[in-house]
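Worksheet: the structure to be examined is printed underneath.
A, B, C, D and E label the chains in the order they appear, each numbered from 1.
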Amino acid sequence: MSSTKLILQSSPHLRDDDSVRRIMLTVLIALAPATVASVLMFGTRAVVVLVLAVLGCLAFEAIALKIMKKPLMPYLTDGSAVVTGILLAMNLPSGLPWWMVLVGALVAVVLGKQVYGGIGSNPFNPALVARVFLFISFPTAMTTWPVPGSDLFGMGADVATAATPLGVLKTDGLAALMSSDSNLYMNLLTGHVGGCLGETSAIALILGGLFLLLRKVISWEIPVTFIGTVFAFTGVFYLVDSSTYADPLFQILSGGVMLGAIFMATDMVTTPVTRKGMLLFGFGCGLITGVIRLLGSYPEGVSFSILIMNGFTPLIDRYITPAPFEDKGGELQAP
Amino acid sequence: MAEQSIIAIFIASILSQNVIFARFLGICPYLGVSRSLSTAFGMSAAVLFVMTLSSAITYPIYALVLKPYDMEYLQTLSFILVIASLVQLVEIVMKKATPSLYSALGIFLPLITTNCAILGIAILNINEKLSYAQALVFTVGSAVGFGLALVIFAGIRENLGVRHVPKVLQGAPIGLITAGILAMAFMGFAGLGQ
Amino acid sequence: MSKLAELTKGLWKENPVFRLLLGMCPTLAVTTEVVSGIGMGLSATFVLVMANLVVSSMRNVIPAKTRLPIFIVIIATFVTIVDLVMNAYAHDVHKSLGIFIPLIVVNCVILGRAEAFASKRPVFDSILDGLGMGLGFTLGLVALATVREILGNGTWFGMPVTGEGYTPFLLFVLPPGAFISLGFLLAGMNSIENRRKAHG
Amino acid sequence: MSSATMGFPKGGVHPPEEKELSLGAELVTVTPPKKVIVPVTQHLGRPSAVVVNRGDEVVVGQVLAEATGPVSAAVHSPVSGKVLKIADGAVIGADRVPVIEIMNNGEDTGLDAFVQKTVSWKDKSSFLDWIRDAGVVGLGGATFPTHIKLMPPKDATVHTLIINGCECEPYLTADDTLMQWKPAEVLAGCCIMAGVLGISRILIGIEDNKPRAIEAMTVAAREGTYASFFDGDVPSFDVQVHALKTRYPQGAEKQLIDALIHRKVGAGKLPFTAGVVVQNSGTAYAAFEAVAARKPLIDRVMTVTGKGVEKPGNFLVRIGTPISEVVNAAGGAKENLKAIIAGGPMMGKSVKTLELPVVKGTSGVLLLTGEEIEEYRERECIRCGRCVEACPVNLVPCDVAAFAEFRQWDRAGKAMECVECGCCQYVCPANRYLVLYNRLAKYHWRRLQK
Amino acid sequence: MVILKAAIFLALLAGFLSVVLVLVSKKFAVKEDPLVGDVEEALPQYNCGACGFPGCAGFAKYLVESRDPGALCVPGGPDLQKKLAALLGMEVKAATPTVAHVFCKGTNSKAKQDGEYFGIQDCVAADLINAAPKSCPFGCLGLGSCVEACAFDALHVVDGIAEVIEENCVACGACVKACPRDLISMIPQGPRVVVECRSKDKGAGVKRYCEVGCITCQLCVKKCPENAIALTDDIIVIDFEKCTLCGTCIEVCPQNTILPAHFVPEKKEEPKEGTA
């Protein structure tokens, strides 16, 4: 027989060619349109945030792996840190001071992921942990939004800033919002509005989402129920009082709903594994987003809602398990 | 807070003013009884029961006896007496009626006595100058908020039991960090019911 | 155990905050600044010492069955004294500690020492134990408050310690910051303890 | 008669089929070797009892070990010769089980007794005994004694016999070959089993990647060629051949029932509850031989394939032949051999050596090279949920694995419903050892229940 | 007046509460043996399960109910036995101190391997699918199920073989249960001679795959002056009670399977080398 050692293992002896790395790569490709859009809108500032976030995440991941005495391969090369970095950048305003971006990377990688044991173990979405951390720590810096398209190549501190449409709605009311921009819906679609890097162009985000759906990296349940619930919840308020509450179309196109529903709430590690669980997860995210936006004191609630539902994920996974392979009316087996 | 509607008080006490995440009351049982979901549910029920009962009793003691007779300084002393007796009462009854729940909650039942959430809420009822109805709603809401936080955390913690949490962080450290992130997330509810 | 050891065990080996995980609620709640941390720590120390003293000297007359309610009454008495005294002489600290002054009654550290130590040991040992534990508790509070005050406010004991360019992390003076800092502090203590054990 | 795109509804995977490797060649009969090793027990159920002694002269088809109790099967001598020894030896999946070694005298004494005759339907009442006496077991790999499956409990109403010709495992083509080679005999075997059950409806499920087998069986069923094996008053049978959309594990009993008659049979329940009996096509052929020639199960068709063997193909092999002899008949193993697998790649077992005997349940042997098999090392689960999607029995494999990894056996009880089909592990992007975790969880769960 | 008021109020409150408590505790009284608590407190609280009960609490309950003199808490040692006996008022037979021992020395360099195992690093798992890399069907798998089972850090795997760190071993028996090949047993502490193999294969078979495996030549059985060695169930076993540590078997064993532990046997043929 042969001189090489035989492989001894349990069945099955075949695997399909998918891998963690390939999944991460697919997510990166899906993020490309939104990344490009953000650079087009915010210029060099967006590039700086993106580069800092990615390099920061890689560096802190490497340091954390060293401390935990884990090998850099395959952990650093599987692309998960890069995805975290890009997603973090997508959740930050373009003018954020450089050191805050690095703090965000540190929080995302260490607090969001490595304290729980690294990839696959974290209960909360790392990028969102970092975003909310920064948002609560530095409320001013995190709500200073450079105007898209202005000062594309400048690095100066005196870039023109403006509130996001949701911010205008919260502080100045519906009438002010409608009069602020005559071409509001088109601008929401193309991304010509203030906001985080990834909260601008709805079209770019939807393109990425369709790609992910096509490559079966995500399934439709979470994005559709998330966006649908926001639409329905805000729609009810709009129908009751259309002079105070914005219409549901505006609600789903503005802020982080698209980014959150397509890229953040579909993070595999922190969301339910079953289809039914995903439906409930998406519904919960949409509902909490709506409640915070319309009834709370913050203009935007997507990040909070996803983090809270991340907290519920273990409960959903525990109590919404797939129905066992059974005849109808058949008795259930012991657990 | 005394002017708020009943519903607003209720929602605020569960979400934006959650006993654990915003008021730091009842952290010991939060860290101690969250190892499994079933005990978390049991503890939540026990807290809801004891907390409601104790508020229902301590409020009139203050309003009808201590205040009229200028004995406010006896508040802490008399409240803790009532609570201690109540807990013992619940313990005796539970031991007889639901022995399985009793054995599951184990040493934590007597710890309800030292659960500062119970005494804390009883005192807050007085400090915030709530009416009797408001106080009861506030108490029930706080207990529900405690249960919510405990159950979410127990779910996460059961999962963490099958994840690769580093050794130095296992137990209380990761519990506190998780509570911190949840507290961060719950800050999103700021302004609700206010 | 030597008398000195009775006093010092609370500082590290049996530190109530870092090793025994007791008294978490006030630890988290009052550590936004070092001053209130010290206020809470000293109040608790006073109650601890007095309660240990009384419990220990009465340990032979307290019936075993009703010992817990009696301990609580003793502790509650001293807590009420602290509450009133503080309100009169240190009104600002009293205000910042809020309901956590009356809640010293249910601080597990105090009840735990009365039950586990003072009810079984002579008076002088109990006083030393109470003092050690109280100081250990204070130490824990100060450690956490230091982290939170510096990071969250850029000050220590109210004095600015960071440069002018520093933007404080607001999160650390808010509830989430308390949980997260204490979590990391505990993890740090665990790793120090592990290393200590590994080296003998 | 065939309706394409039928299939089971939930889960499953479609790995590369790799069937063409072994399909082109003719069926080769392997010469019985000098020495055969016959394991005493070759079925699922109670062990058989040895009835020969060391030094005995035996003839082909002589009983070596008798069935003990109802759920058990006899073992017959595949060659004529002398019993060398009765001792413990290694077989596929076990290091030490009782085996009987026989020195072959090369004369095949007694083989000529098994001549095929027309089957008289008047003997119907004896069919079941003959099948049992021949030691026929399920040849798909599960090796459950066939006669037990043909005796449904009194309170069950069986209306359909389902014949499993799916052969959903990649690489394997033994059933395919048999159905192409002897379609009429296979069908006659089906009729015999239906006759034993006293029913007339026979559904034959074949995956649509076996067009020639579907064609051969459809023709045999349409033209009724199988009737020539019978005489007397033969009842008419309603035989339907169904092409099923190729999807693993179509050949799993419960998935096949679901695909063909849309009934779900729950965990821990038998096909009787849905009114069906499922038999493998190879088993049907063995049953035919048992009744028509009174021939015991002493040989079977098996596939030897993979890029690690010179001439892959299908072989008619006596039970007890060392696998190495069959591999020699297939031109021998190649130098760059990386793994030997007994059975298909999805559920087969890794074996350490070719010096193990072929048994009744050996449907094939794969000799794989580095091109076909990799050294998979697991990573952390990323909870992508692909295993949940792929699981045909609606489990959450990643959870069972997590409980097993952290030794929380009390939470891993759901593993008991796992059929170990391997779909979850096939799709896992983190290469988790999901099936092994399930097996481990089952082992510990059983111990906990004691 | 103020003091009086406070005193009256507190007295009334306390009095009322205690009356309620007394009444309720009478009505809901649960009979419970206080002895259970005492016994539980006396137990070491390892919750290792060596007694076969779920934790020390379960064992305490059983002890009080059954007064079973045969039930043992091995980790507690003889001192605890005496304490328990005093508490329960019964006689407990003294147990000889034992220690776990792994009966295999077929390290990676000495035992042949057929292939490389890819799977869960767990002996039971590898054994379940018959994928142990070593050829020997009886040898130590070296994947550390016993290490995992040990709560006292008393086992580790060296060069493919599990070894017991005897200072840490409390003889709880968890490793004995964990080993899928029954290679671990409790044997008396202290100096002893051990046959380090449990293969049931014949000599030729063993020689094919292990340099230090027992080939059941039975030389030791024949040469033992105390008749302390016997072939039982295809395995050579030394009776520790009869063994006088003379070292004859160690000398005669052609495979070096029989080894001394905790003493250096006298060399009979080369007395010059000293005894140490």
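Just so it is clear, a contact is a pair of C-beta atoms (placed from the backbone, for glycine too) under 8 Å apart; a residue touches a chain by one contact, two chains touch by 3 or more.
As the structure is a prediction and not an experimental result, all values here were calculated from the model.
Touching chain B and chain D together: A, E. Among the other chains, the CA centroid farthest from that of chain D is the one of C. Between the interfaces A-D and A-E, more contacting C-beta pairs are found at A-D.
Remark: chain C and chain D have CA centroids separated by 70 Å (rounded to whole angstrom). Distance from the chain B centre to the chain E centre is 45 Å, each centre being the mean of its Cα atoms.
Centre-to-centre spacing of chain B and chain C amounts to 21 Å, using the average Cα coordinate of each chain.
With touch defined as above, residues shared between interfaces to two or more other chains in chain B number as follows: 74, 77, 81, 85, 163-164, 169, 174, 177, 181, 184, 187. Multi-chain contact residues, meaning those touching two or more other chains, occur in chain D at positions 349-350, 352, 375-376, 380, 405, 433, 436, 439. Taken residue by residue, chain A touches two or more other chains at 6-11, 111, 115, 117-118, 120-121, 133, 136, 317, whereas all remaining positions touch fewer.
Only residues 1-4, 6-16, 18-20, 22-23, 74, 117-121, 268-269, 271-274, 317, 321-328, 330-331, 333-335 of chain A touch chain D when the two sit together in their complex. Of all the residues in chain C, the ones that touch chain B in their complex are 21-22, 24-26, 28-29, 68-69, 72-73, 76-77, 79-80, 83-84, 99, 102-103, 105-108, 111, 171, 174-180, 182-184, 186-188, 190-191, 194. Those residues of chain B that touch chain E in the complex are listed here as 61, 65-66, 69, 71, 74, 77-78, 81-82, 85, 88-89, 92-93, 95-97, 99. Within the complex formed with chain B, the chain A residues making contact are 68, 111, 115-118, 120-121, 123-124, 129, 132-133, 136, 288, 291-292, 295-298, 301, 303-305, 307-308, 310-315, 317-318. Contact residues of chain D toward chain B in the complex are 380, 402-403, 405-406, 408.
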